[in-house]
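Data first, discussion second: the structure below is written as structure tokens.
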Amino acid sequence: MKITQREVQGTVVLDLNGKLTGGPDADTFRKLFDGLIAEGKKQIVVNLEKVSWINSTGLGILIHNYSTVRSAGGDLVVIGASDRIESILYVTKLNLLFKSFENEEDAVRSFTHTRQ
Amino acid sequence: MKITQREVQGTVVLDLNGKLTGGPDADTFRKLFDGLIAEGKKQIVVNLEKVSWINSTGLGILIHNYSTVRSAGGDLVVIGASDRIESILYVTKLNLLFKSFENEEDAVRSFTHTRQ
Amino acid sequence: MVKTNQVEQMTLTIPSDLKYLGAVDAAVQDLARELLFSQDAVNDLGTALIEACSNAIEHGNKFSPDKRVTISLRFQDGTLKAAVKDEGRGFDFEKAMNEDPDPDPTSERGRGILIMRAFTDGLSFSYDGGLVCELTKLRDGSPSPE
Amino acid sequence: MVKTNQVEQMTLTIPSDLKYLGAVDAAVQDLARELLFSQDAVNDLGTALIEACSNAIEHGNKFSPDKRVTISLRFQDGTLKAAVKDEGRGFDFEKAMNEDPDPDPTSERGRGILIMRAFTDGLSFSYDGGLVCELTKLRDGSPSPE
């Protein structure tokens, strides 16, 4: 899995590309989050548009990072989830945990609103 | 493979959907062509946009139908070939046999020009 | 055309490496589409199968490079059965099947069986020199979740 | 990351039915992408492999429902080797490999070997209880045709 980091109006957007499973990728992803928190960046959008699929270990990684961000007083939201991924989030009730937005603007705006 | 037949300015456009291999599909495809020729329809555009791949037996079917149409004084051209299919046509030199157009307009126009 | 009563079987064998899961997913998806399953059913089957293979690689074979996972796909009478077999010691699947999933929404594990169940029409385990996880998907089965 | 000298092998077994070719193509494409082959190389490999499997089903097994085709994919040192084995009687492949392709552009057959050669870095045949057609594709090989 490849991860690209961008910043949009003070919000960090992580573009994921590939498949979200356990293994070595998981560690990279975790360390990236720890780094962001250390820098005080805790409004995070995870872009799943180019993630073809995810397994339950991959969900675990997302949840781990979600918990890290929340403990630091921030939030993690997802965008670009395919129908396939949406239905996994629904079945596991993770749609109740992290918000899923259709597009980047809405996701970034959700943080701006929180700040006001 | 699914085949849908349309008519655009006196030219028959066949939209293929699926994989072009031998087997039962080949017969359907052949009979369709025989029917078209019998009706005097011999300007034919084969749309490969939704054909994910083709094997050499599939090429054989295209060539067979090409020959049928040519013997009847008509022509067969292809549109929408993916990079993958284009390179097969190139390697087998079939790009010298049937013309390949980028879009439907150009393909249909090629027939209109011939008529003038 | 699919003839009734004809058994169609395809088998895949992969190393205990998550990198092969995409190939398994791609193969089962193409096959199920070819067998005229709906796109939703195709996605569901891929999701459940990836889960079963992940468990086989992780819990069954413990990522051992010497152990392999075998996936058999059988289609008959409108039903696709996918059996995933590993070379591990198995587990108390009777117990696991009857347990409620962990109610803690931030728990990082324990959603595999839930997912396999939700996205198929049948899930069963057995042991035969390795754990066998069998998933059943009906072509004209219940609509997929959501 | 792919370690040098590590052999990675995936095996697929399919019935003598063209409907399974899409699954084989999808699987090898996903695997080759995972092994960091370029998209062009991935397409080329799929094209050549479909050709080898078509011949195995058609000429080797003659579409017999009792016979199967086995595809082994092995990756080592930047090279992917795909071996396609059928249960047929084989053919005079020495002769076929040395023959020029039919120069008649409207001939409806005889382009399989040409295609397999053009889209791989190596093609060889052998006989071992069935015909084995082996295709070699280098990750950093020659650019694909066109």
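The chains carry the letters A, B, C and D, assigned in the order they are written, with residues numbered from 1 in each.
The rule we apply is simple: contacts are C-beta pairs under 8 Å (C-beta built on N, C-alpha and C of every residue); 3 or more make two chains touch, one makes a residue touch a chain.
Computed from a prediction, not measured in an experiment: that's the story for all the values here.
The set of chains in contact with subunit B as well as subunit C comprises D. Averaging C-alpha coordinates per chain and comparing to subunit B, the farthest chain turns out to be A. Subunit D has its Cα centroid 40 Å from the Cα centroid of subunit A. Mean C-alpha position of subunit C lies 28 Å from that of subunit D. Chain centres here are Cα averages; for subunit A and subunit B they lie 46 Å apart. Shown for subunit C are the residues in touch with two or more other chains, namely 22, 25. Two chains count as a pair here when they touch; such pairs are A-C, B-D, C-D.
Residues of subunit B that touch subunit D in their complex: 19, 21-23, 52-53, 55-57, 59-61, 63-64, 66-67, 83-84, 86-88, 90-94, 96-97. Of all residues in subunit C, only 6, 8-15, 17, 19-20, 22-31, 33-34, 65 touch subunit D in the complex they form. Taken in their complex, subunit D has these residues touching subunit B: 18, 21-22, 25, 40, 43-44, 46-47, 50-51, 54, 58, 105-112, 114-115, 118-119, 144-146.
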